[in-house]
Amino acid sequence: MVFITRREQFNAAHRLFRDDFSEEENLRVFGKCSNPNWHGHNYTLFVTVKGPVAPQTGFVVNLASLGRLIREKVVEKLDHRNINLEVPFMSGRLASTENLAVAIWEELEEEIRKLGGILHSVRINETENNSAEYLGPEQEKE
Amino acid sequence: MVFITRREQFNAAHRLFRDDFSEEENLRVFGKCSNPNWHGHNYTLFVTVKGPVAPQTGFVVNLASLGRLIREKVVEKLDHRNINLEVPFMSGRLASTENLAVAIWEELEEEIRKLGGILHSVRINETENNSAEYLGPEQEKE
Amino acid sequence: MVFITRREQFNAAHRLFRDDFSEEENLRVFGKCSNPNWHGHNYTLFVTVKGPVAPQTGFVVNLASLGRLIREKVVEKLDHRNINLEVPFMSGRLASTENLAVAIWEELEEEIRKLGGILHSVRINETENNSAEYLGPEQEKE
Amino acid sequence: MVFITRREQFNAAHRLFRDDFSEEENLRVFGKCSNPNWHGHNYTLFVTVKGPVAPQTGFVVNLASLGRLIREKVVEKLDHRNINLEVPFMSGRLASTENLAVAIWEELEEEIRKLGGILHSVRINETENNSAEYLGPEQEKE
Amino acid sequence: MVFITRREQFNAAHRLFRDDFSEEENLRVFGKCSNPNWHGHNYTLFVTVKGPVAPQTGFVVNLASLGRLIREKVVEKLDHRNINLEVPFMSGRLASTENLAVAIWEELEEEIRKLGGILHSVRINETENNSAEYLGPEQEKE
Amino acid sequence: MVFITRREQFNAAHRLFRDDFSEEENLRVFGKCSNPNWHGHNYTLFVTVKGPVAPQTGFVVNLASLGRLIREKVVEKLDHRNINLEVPFMSGRLASTENLAVAIWEELEEEIRKLGGILHSVRINETENNSAEYLGPEQEKE
């Protein structure tokens, strides 16, 4: 079992807020992240895939193919977009880094299995100080 | 003459577009950066100040004071804001990295002179691949 | 279960040595790190907290609150300090990166539980080449 | 149980290909990485060792000794070398990052036990976007 | 006058040596960089372009266009290549970082003028410790 | 004329203070940097040398030789040292980053001329936010 990680990036706008909160409640709970005029980030995404090394290629999964898959299924839907308004797989979810990691996991898990690997982790760095990582639903049962 | 540099950061939303362009023209000229729903970045700002080293302190300018000045005059007006809609010193300017560097120079130059230094350069990294730097209006005459 | 990580930093002086060693023994065991006149580092601290994502906020724990907690309980006691002489929670411990990680865990674990999360890991980068990580006392029983 | 990590680096040439493939098959499977004239990378190696903290030193293992060991057993054999042609422990293996991580594990495991630690992980960053990590043969049974 | 910088990357093999030197002379002058079996690097390229900011776009030069130009004229000829054997614009030149910076300048200068900017600097980081920068032939006369 | 840059690093303790100031005055002027028990940093040093490219080697100056020179003349005197107490070339100078850059320039200028290059710049990053750069005494006359 070897773990390989592919880094991809996207730049997006977002806002943390709830429709059922007043502007004041949103500000109290989410601080400056609730600005109604949006703000944004350079998000860095790390997708880790595990599996045995195929003797014929020396690969768990071809990292170039993995990069293409992540760009097609995830990055193209997020890059230069508004996460609250324009990203189908974030519809109805608060646009937090935690929820983004879970949603990206759900977009990628089955697709990565088709490539022959097992999705192990989705990590997102929102800033150099803040990041979130999701290891899948089975992690929750421990 | 020694040059000191202070790094500060801000996260903001923006959009590249012209009111007098149609949506199609904006897309042709500015590409995905013209998305009407905004996108955003983690901007990294480097402000370089030059001057002689004061014998009494060993400083050109106290870097802690310089950091406070940059945060008060620039970062607090940009951080978690929409550059097109909410930043007084960017009003009426296209929200490009180039224009942002020039505008930040104008906000800081006189204030830095009051601290006892001479503003030498404002550099902004918009992403790890793209940056802009302004060395002031006198640079243009060369 | 999602894992969130907050990065904080501090600059401190330290020395690796034992009172019950001669200067020569200290030099033999700890090398240049035993210099009696001290040396120092820019320490980078990564605190990872795990927990379910609260549906109301999209957060495991508010990363801004986590940052404030780490700065108040840990960084303010270490930053611009001498780790051997001035840091109450390092008193009586060798000032190694390993011991620092364990001590910071002990300072933070209960406080993070009050915020609603579970401390998962404390990692400290002493230089770009050297780091230590502690996952808590239960890790030892495995 | 504390985990310490030492970073080392090496610059090497390599090529991904199989002798039993035609040039076309190699190009189809390995893409531009199969260039018969070689290409190369700045490889960054992270070796993580775990163990209890020795009360006498505050160390899991002396990081300076660990660094020397990694340089002697691994880096000196790879640095400024051709991984396909000149590295004994890669002989007969496809020069993928995955295989390199496994081979470095095998070179280091016993040696690190002699230093008093337990090898936990070998991670290699081939580029800023691509990396591989190996946690040893016991990881495979899970 | 504003300066914009675009970062691009390429991974290549090379060797420092002279045909008219014996293997021993090459080793004496170029050290391990003269290894006849090649070694390689992840090269990071920074291209800086200067010019006035166009009022219509807020750009010195569109950074996306600049990136495409650099990839087409320079990166595609170097990436996953052997600099000594396969790169037309390095033919007959020692494959040092200095010479690479000069050669890339020559490939780009006129093309960047066609985009409407003035090439100011070509900088190449060969490793995190070593880099070279060329500011053009006029710099030599000073 | 090509500019080459070598990066080196050192970890040191220091304190900003004046003997002729009271503890209160030192605290007012230098803040937490005046802590009498010292603090420290991982300093990163960038030395830039300019000159024509030698046709025989493709080098301005051999970067390996330049690295050895910087380590011998500068890094070995600073690394794991107390800058205020133990570094001959900082004796009698306030241990600010500005003064350190000037002092390192003075240590290196003549030595680099012997290697065949011209010292162009000494830059020191004290933290990721603070740095100082010195371009030599002739810069002051402009």
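Points worth noting:
In order of appearance the chains are A, B, C, D, E and F, and numbering begins at 1 in each one.
Heads up, the rule we're going with is that a residue touches a chain if its C-beta (ideal position, glycine included) is under 8 Å from a C-beta of that chain, and two chains touch if they have at least 3 such contacts.
Model, not experiment: these values are computed from the prediction.
For the pair chain A and chain C, chains touching both partners: D. The pair C-F is the one among C-F, B-F or A-C whose contacts match those of D-E for more than half of the residue pairs. Chain E and chain F touch with mostly distinct residues; of the residue numbers seen at this interface, under half occur in both copies. Across the assembly, the mean Cα position most removed from that of chain E is the one of C.
Of the two chain pairs examined here, C-F and A-D, it is C-F that is joined by more C-beta pairs in contact.
Annotation: 28 Å between the Cα-based centres of chain C and chain D. If you average the CA atoms of chain B and of chain C, the two centres end up 34 Å from each other. Those residues of chain B in touch with two or more other chains are numbered 128. Taken pairwise by the contact criterion, the protein chains fit none of the simple patterns, being neither a path, a ring, a star nor fully connected. Inter-chain contacts, as defined above, occur between A-B, A-C, A-D, B-E, B-F, C-D, C-F, D-E, E-F. Looking at the complex, you find that chain C touches chain D at residues 16, 18, 29-31, 93-99, 101-102, 128-135, 139-140, 142.
Chain B meets chain A in the complex at residues 9, 11-14, 32-33, 35, 37-42, 79-82, 85-86, 127-128. Residues of chain A touching chain D in their complex: 1-8, 52-53, 56-60, 63-64, 67.
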